[in-house]
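Below are two complexes that have chain A in common, paired first with chain B and then with chain C.
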Partner chain A sequence: MKILKLAIKNAGRHKLRTGLTIVGLAVAVMAFGLIRTVIDAWYAGAEASAPDRLVSRNAVNIIFPLPLSYKEQILKVPGVEKVSYAHWFGAYYTDPKQFFANFAVDHHTYFDLFPEVIVDSQTLANFRSQRNAAVVGQILADRFGWKPGDQVRLIGTIYPGDWDLVIAGIYHGRDKTTDESALMLRWDYLDETLRATVPVRAGYVGWYISKISSPAEAVRISAAIDSMFKNSLAETLTQTEKQFQLSFIAMSGTIITALRIISYLIIGILLLVLTNTMGMSARERISEYAVMKTLGFKPFHLVQLIADESLFISLSGGILGILLTFPMASGFGEAMKYYFPVFETKPQDLLVAGIFALCVGILASMFPILKATRVSIVDGLRSIG
Partner chain B sequence: MKIPIYYNYRNLLARKLTTGLTVLGIGLVVFVFSGVLMLAYGIKKTLVATGSEDNATVIRKASLTEMMSYITRDQVSIIESQPEIARGPDGKPLVAGELYVLISLNKIKNGDAANVVLRGVGPASMLVHSGVKLIEGRMFTEGLPELIVGKSTAQGFQGAQLGGSIRFAKQNWRVVGIFEAGKSAFESEVWGDVNQMLAAFNRPVVSSMTLKLADPSKFTALKERLEKDPRLSVDVKREKEYYADQSYAMTSFIKILGVVISVIFSFGAVIGAMITMYANIANRAKEIGTLRVLGFKRRNILSSFLVESILLSLAGGVVGVVFASFLSMKTISTTNWDTFSELAFGFAVTPEIVAYSLIFAVVMGVVGGFLPAVRAARMNILTALRAE
Partner chain C sequence: MSIYGERSRTIVEIEALSKSYFRDSLEIPVLRNLNFSLPEGEFVALMGPSGSGKTTLLNLIAGIDRPTKGKVKVAGTDLAQLSEGELAKWRARHIGFIFQFYNLIPVLTAYENVELPLLLTSLSKSERKEHVETALGIVGLSDRMHHYPRQLSGGQEQRVAIARAIATDPTLILADEPTGDLDKKSAEEILELLSRLNSEFKKTIVVVTHDPRAAEKAHTKKHLDKGELS
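And then the complex of A and B:
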């Protein structure tokens, strides 16, 4: 206990240096927490998926559609309770570079399958009664200043032309992980327009979503659905919703790996800063260590003295950094909310950051410990720092 | 009179551990900073290299990429008959009507599925995309389910090697050749006979047309005529610009995120430099006093310590840039968000990136060294000389 007190006193001897080191560590820990939060934001879609939902898409690639007739066939598979479908619409509002998710959905069934998307009864009634109605998420509505009842013109890319939609209402997410930045319009509106203009493209959907009786049946049901359409022109690939989402995340795997590497480099800089500080202190105090040895302190006392000081600094920096992560992440998340609709720092990221700070504290004390314990009393006393 | 830089240089060498750790810290930050810029530039460079200056790309109006585009048969014949188009050795116009779709292939590395561009090409395509050359095997035979595969795709995906086979549209397609295309996005694609593919996918129309112009300066005239033609509804772009536009989402995202991270990250290194410089000054109080006695002014002391800090950070900058430039030996691949398909590219260095990185390092040195240098300059001669 006495040694710990002495170690903390030692840390206070160069207040400026110790203070700077703590701030440096705090910034690094915060940067680590921020990068980890960015990585989590990528996985938010997969985390939000339900285990009892399957997604069937065209086996060649999701850009190829599936015939509408598959719906009745999928419903016949034992274990499938409800089926809905959606189609990527890919339109933009005024500026093509301002991306947002928009898809055409079956207005009868879609929201029944997604209980985490909360749509009030008025909105749902509007959506079901008006052909060109659309439901939008809160974040998207805020972004473009849309209110229920507004007329909105989207410009088609996959389906050419101007699409005039009426905002039926705004949906909210039940969970923090629910994406509130999408727009859903009615599939039948899209289909009827296509029937009049490009009839060959009508009658197709992008993917089917099935609610199944139990997650344990997922493998059997997926196989049953896919085998029904084997050797047809549009073979299906059925996955759990989570696998489906993860397959999109895997496409950006390289970017995520790069971010992970950068987060480890940050730990590296943490180590460099603290090693530098501890190294300086040890060099200046060599003669003191010799005095302590003369007084009868054993090497393990010195080990404890140096390690305690190092840990004291690293943990102070670590805790400060963890506290700073919250305001930083919310500011960053606000600035990037159109890229990352869900941006939440997870406790486990901060725990990892704390553990790294602890390890850095131990590692940074190694070199000064070696120096202090190895030096002979005579050399130590002679040393002039 | 100025204090010679050699003095600073010797001082930095005197404390090797501290100097080394500080240089390494700044080096790490510069490594990340220049690595991110090289990554963003690598994507752009690959896409810019894909388009030729003398080609024009025709896609359906308001479609952002070929994937969303289609051009009907009667439109094809109007476009083919434009007078600006160059003619091939056989006298036919150099026009490539191509089908552009995505297929899912699994990566060799981890089995993950990725979207790969499958391009149905015609006889004129090899002449229009003049950078494309077969390096292994042979050209596909028209009318057979055969494919030629870009070099990057062949290296990265299961079944895409010479002699392998890829299944889509109820058929197995045999890989008979591998091509390279001057490190462009074509090397991430798979090519086959356009007519075979239209039949296999049950599609009546091609996605896009690429025209080789006899005289690139006539582009504007061609663009205006085609875009105003009431029988057509198309956008005409220079091929180079068409591909360069596809780098927008990725490069802006990487740059924003990378620069934000580097700036936050740089606080750590700046503080490291500050600690080192404060310690240098504390240890050298007597020297500073002596220099003042010898007649050096306060501002000489200030600039000398600032120079020392800049030397330190510049060394870090050089270390960071040198290690980052090793990255350019590596090829990486990811989904390009603008096209939703896999793109292989390398980190690419430019003189500008090197300059920005070194400037960034020097800024870190100035910020980290300024306060300590001020402290050194403000030291009282007597107290400084009396210091231990």
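And then the complex of A and C:
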């Protein structure tokens, strides 16, 4: 028999109380893991971005466009290998609440810049030959039951009206982190329509994407692009794709911050729950600790005894919570798959949750340890009922 | 004078011992200038009215409390010289303490309770087993080894507590009203057991008791009253 065994037996003394504490910790750890997964999902786009792509947008604000003429000029910058462009389209299909990403892209070049977006040759041929063609991701196609060749009517919000498109084909993501829930239509189709209806809005693109020779050149090339348009009507801001994605995420920064705070609050609650349980146990056992001290056990033995019990409970809860996170996250991810194209719990999150559980276990044992080691034997023995 | 004559050594030596408790700045004197010594192999009954300081004196001898004044020398060691850590080690080696309310650890079996103080020794698992089985054999509980305290009667619990106190073969056994919470028959058994520990195993024993029968079993009776020993 060892101290650890006594600690575990002590944990089992109030089965209901310990059980509820473990379940409470497990739920808290699971909630933490889930919230972290949601935050990760937000950042998934930025994580998946390529280091050798730059994005140039209007320096004033992303909602202001850039002239189409910039494309040729950007191409002249040394180190820029390919340039494409896209424009936020912002339409919906039947129900405005069913959001999905859709943008108008240059059908000649766009897919060349995104090797992680896999488009078969038939799809590409269809896209290039038909003006109102659109390429959709697998998840989006599944969501609305779209098949290649289907006629699809989108309802514009930024560009009001009905937009009749034909599904040219379906793209797949090369990586698990590739978004498969977007729709790309042709920029020239949008532009032509605008030319006929609101000509002032024609001839503009939302942002340029440049493939550069080496990620190490990113800073220099960005500066070169931006200086080219300095003092023009539409100055550019060129960033790596990752920075660009992060600036989008920054728009929902408050929510993410709130989620982060909640995740830490959960850890705080976890600490309170376990501290309470451990505090109750320690109070009940003061006389037992005094007996052990009488037998010759030293403070460090009691530290070990109490910390082991606390850690046993916190790690049981932590492990249970981590195990529960997987089914919860996959269920949650399934329900949210149209909104979070990538929803996967990262091992780091679970590691963090585990480390927090460990810290909580240690912290929660502090107060009982102080109490147990500070009370004199005589006072401890007198606390017998 | 010792009944064992010159060859026996002195186990407990108390000189000018005073102990007061302090409530705020108020001094509550409990023991006043006690002097007494106890030779090896003695069996002393310490008597006195409730609140007279018997437990306090026992705690001072056991090294679980510190005197306000005076000297406590037990088994050749002046306890004042020891740090808390040294004192803990010293207790583990020299003192077997028996409490009125047994004070067994409820989640441990009789066996594990007796093994508890042995965890502080360098004994191997099998040596510990030998010690535990011997101790439980002496108190007559070999057949209750794997029972938990709640599965035992009060008398049996106290016998387990005695086994725990003797498992490490201590120099001195201190029992604080060991029969105070027991029925007459169980009390009888416990006293018989203590008496046997003294006669058969030559253990030095101090037992605090109100029970005249206990006092009869002892060689010496000491009375504590109003802070003074007689």
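Operating definition for what follows: the second predicted complex is superposed on the first by the 382 of 385 C-alpha atoms of A that agree within 3 Å, B and C clash if a C-alpha of one lies under 4 Å from a C-alpha of the other, contacts with A are read in each partner's own complex, and residues count from 1 in each chain.
We take it that a contact is a pair of C-beta atoms (placed from the backbone, for glycine too) under 8 Å apart; a residue touches a chain by one contact, two chains touch by 3 or more.
Quick caveat, the model's predicted, so the values are computed rather than measured.
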item: Chain B versus chain C as contact partner of A:30, first or second or both or neither; value: first
item: Partner chain(s) touched by A:10 [first = chain B, second = chain C, both, neither]; value: second
item: Contacts of A:288 with chain B and chain C, given as first, second, both or neither; value: second
item: Superposition-derived comparison: chain B or chain C, residues of chain A touched; value: B
item: Chain B versus chain C as contact partner of A:377, first or second or both or neither; value: second
item: Partner chain in contact with A:233 - chain B first, chain C second, else both or neither; value: first
item: First (chain B), second (chain C), both or neither touched by A:316; value: neither
item: Contacts of A:304 with chain B and chain C, given as first, second, both or neither; value: neither
item: A:365 touches, of chain B and chain C: first, second, both or neither?; value: neither
item: Touching both chain C and chain B, counted on chain A across the two superposed complexes; value: none
item: In the complex, chain A residues that touch chain C; value: 1-3, 6, 9-10, 12-13, 287-288, 291-298, 376-378, 381, 384
item: Chain C - residues contacting chain A, complex; value: 59, 62, 64-65, 85, 88-93, 95, 97, 99, 101, 103, 105-108, 112, 115-117, 119-120, 164
item: Complex interface listing, chain B residues touching chain A; value: 17-18, 21-22, 24-25, 28-29, 31-32, 39, 60-64, 67-68, 101-104, 110, 112-115, 168-170, 201-202, 204, 233, 248-249, 253-254, 257, 260-261, 264-265, 267-269, 271-272, 274-276, 278-279, 283, 332-335, 340, 342
item: Chain A - residues contacting chain B, complex; value: 16-17, 20-21, 23-25, 27-28, 30-31, 34-35, 38, 59-64, 90, 96-97, 99, 155-158, 160-161, 200, 231, 233, 235, 247, 250-255, 258, 262, 265-266, 268-270, 272-273, 275-277, 279-280, 332, 339, 385
